[in-house]
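Labels A, B and C are assigned to the chains in the order they are written; within every chain, residues are numbered from 1.
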């Protein structure tokens, strides 16, 4: 396929790279989870009646969406120790991915919430549900169902974003590939194998999302 | 946590020049990517199956792998074809290919969203083919795709930070340089972060201006 | 880094620590023994000093560090070695991401303002590496008008820039472009494919590269005075650097260092018994 391309090297590098891919999976999964958890309060804060809360949430979302993940990763790596907070590289990576993903996810959720007819919450309340019950039982399930494709894209983009955590001293897939290139000087074959593994993990995320979507639709 | 003003004053001009580099690299990649995206979108809607498949393969490949891996791969692969691209050319090519894939999805959605009925209605009112294109098809499409394309543009600004890893002297490259030489990460991170934020906000603002213009026909 | 707690717990603890007056600390070595963990930063893309093989950091320094810390590990101290890009190493040390930098690093007067260094572990004199078939480059002056690459934050980068100025002062064309990389993983392929005319690296690294990739590269002279690699700690943690130095000198005395040099470099080398600062 390419001049000088040696498929044997792709096969040889797979064991090391698969180990890196598992780290990628782990960090991305934790990051996606954290992003999901943080996004819900941020989305509601963006819709809050209080101007101060709205402003603060907007500032957070705008700052995250306005700067590169690479710079954010560096910031999470360097800044907390200066104020006395020690994070392991793994904690830093999950925190950075989570904070980044939460800003984007919050915007997706906000869009979904705004699109929901207002009367639903009111009828839920009139049926005796508390505000929280209405949110948890009526609002969120529908919103998540409606915005699932967007959320899946966000999860996939966090997975790809995790390629940048090599700057945090974590040996994930891209860094493992990079280390291997440094040793055997065969960038072509190694990055080809790395790309292959990302495609695989990415496909797995979309497959899982389709299954989830079917389940959510079933409940409707 | 205080900022070293002397250091800030020293690196400020360097960072301004570097953000100009970031801006033009991103704008160029965006322009090439849009052309590529339009061609790909048309290819994906083509009646000829092989063309559809090639276009789809390109989109899936780009969307399934991290930009970092694409950048490393092209940088390493091109020399095997006796195409030893300078870092900046290699980087802009990678970014353009990346934008092309995402933009093609946006444009495809835009094209398919214009209903056949709308075009037929315009033709039956006596509009010529070009009039229909100019007055109906393009305005409807533009209104639909402008927000998403603006988002793409701000994305490119941020993702261009990855080119620092293949020695393109843009904003993040300068930030790393300062971190490596002064061992003081905060000033470089804060300054480069603010500059990215300003750049993305300028683009987002520009996008809103364009959006208002292209949706004029929708306002009463 | 020292404790593995949830971020918010750590944040609360940190806040408490800031609110209460900071107590005077004992040496970092005692602290390491008490917390039963030492964390070091390494840039593991630097064969034969430190590089990754089968998922583990190996090399001359990896062997040496294991011997140096033998007493600590015997006391149950856990060793955590992080692989960090070179340009983030000293900033990370300064930011307390690790206790020491155990990587091939030059002790310089500039760095000594913030960091403490161990006695040298090996020779690292800047050596020009170019393609084996490049007849145009045989000595430093030949880099005039050429494109040279080096990793960010390294002394090799500084040496390339200094050479460029020196050439200009002599009335010759300076180096056409000094390109700054993240590490040698991108540099070597670029020398091979011609994006770069040459790079600078330590003599042991150059010899190792030529042995590993036969027929591709050659050396083309050395630059500047003889320089040596050391490890570093923060300046206030000098006790740790001194403790490392003691162990290194002991290993040198009993011949272990010499054996390691033969194992990784193919031959022994002379290193001085005290810290040598490169200018």
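Quick notes on this one:
Rule of thumb we're sticking to: contacts are C-beta pairs under 8 Å (C-beta built on N, C-alpha and C of every residue); 3 or more make two chains touch, one makes a residue touch a chain.
Keep in mind that this is a model prediction, so the values were computed, not measured.
In terms of inter-chain touching, the protein chains here all touch one another pairwise. Here the chain at the heart of the structure, going by C-alpha means, is A. Most remote chain with respect to subunit B, judged by CA-atom centres, is C.
For the pairs B-C and A-B, the count of C-beta pairs in contact is higher at A-B. Per-chain CA centroids place subunit B at a distance of 38 Å from subunit C.
Subunit A and subunit B have CA centres that are 21 Å apart. In subunit C, 88, 91, 95, 189 are the positions where the chain touches two or more neighbouring chains simultaneously.
Each of residues 75-76, 179, 185 in subunit B touches at least two other chains.
Chain contacts: subunit A has residues 74, 78, 82-83, 178, 181, 187 touching two or more partner chains.
Interface of subunit B with subunit C (complex): residues 75-76, 79, 84, 86-87, 165-167, 173, 176-177, 179-181, 183-185. Per the touch definition, subunit B reaches subunit A in the complex via residues 1, 60-61, 63-70, 72-73, 75-77, 80-81, 154, 158-162, 164, 172, 175, 179, 185-186, 189, 192-193, 196-197, 200-201. Per the touch definition, subunit C reaches subunit A in the complex via residues 1-4, 7, 10-11, 14, 17-18, 41, 44-45, 47, 51-55, 82-85, 88, 91-92, 95-97, 183-185, 188-189, 192, 213.
Only residues 2-5, 62-63, 65-72, 74-75, 78-79, 82-83, 156, 160-164, 174, 177-178, 181, 187-188, 191-192, 194-195, 198-199, 202-203 of subunit A touch subunit B when the two sit together in their complex. By the touch criterion given at the top, residues 86-88, 90-91, 93-95, 114, 149, 152-153, 179-182, 186, 189, 193-195 of subunit C touch subunit B in their complex.
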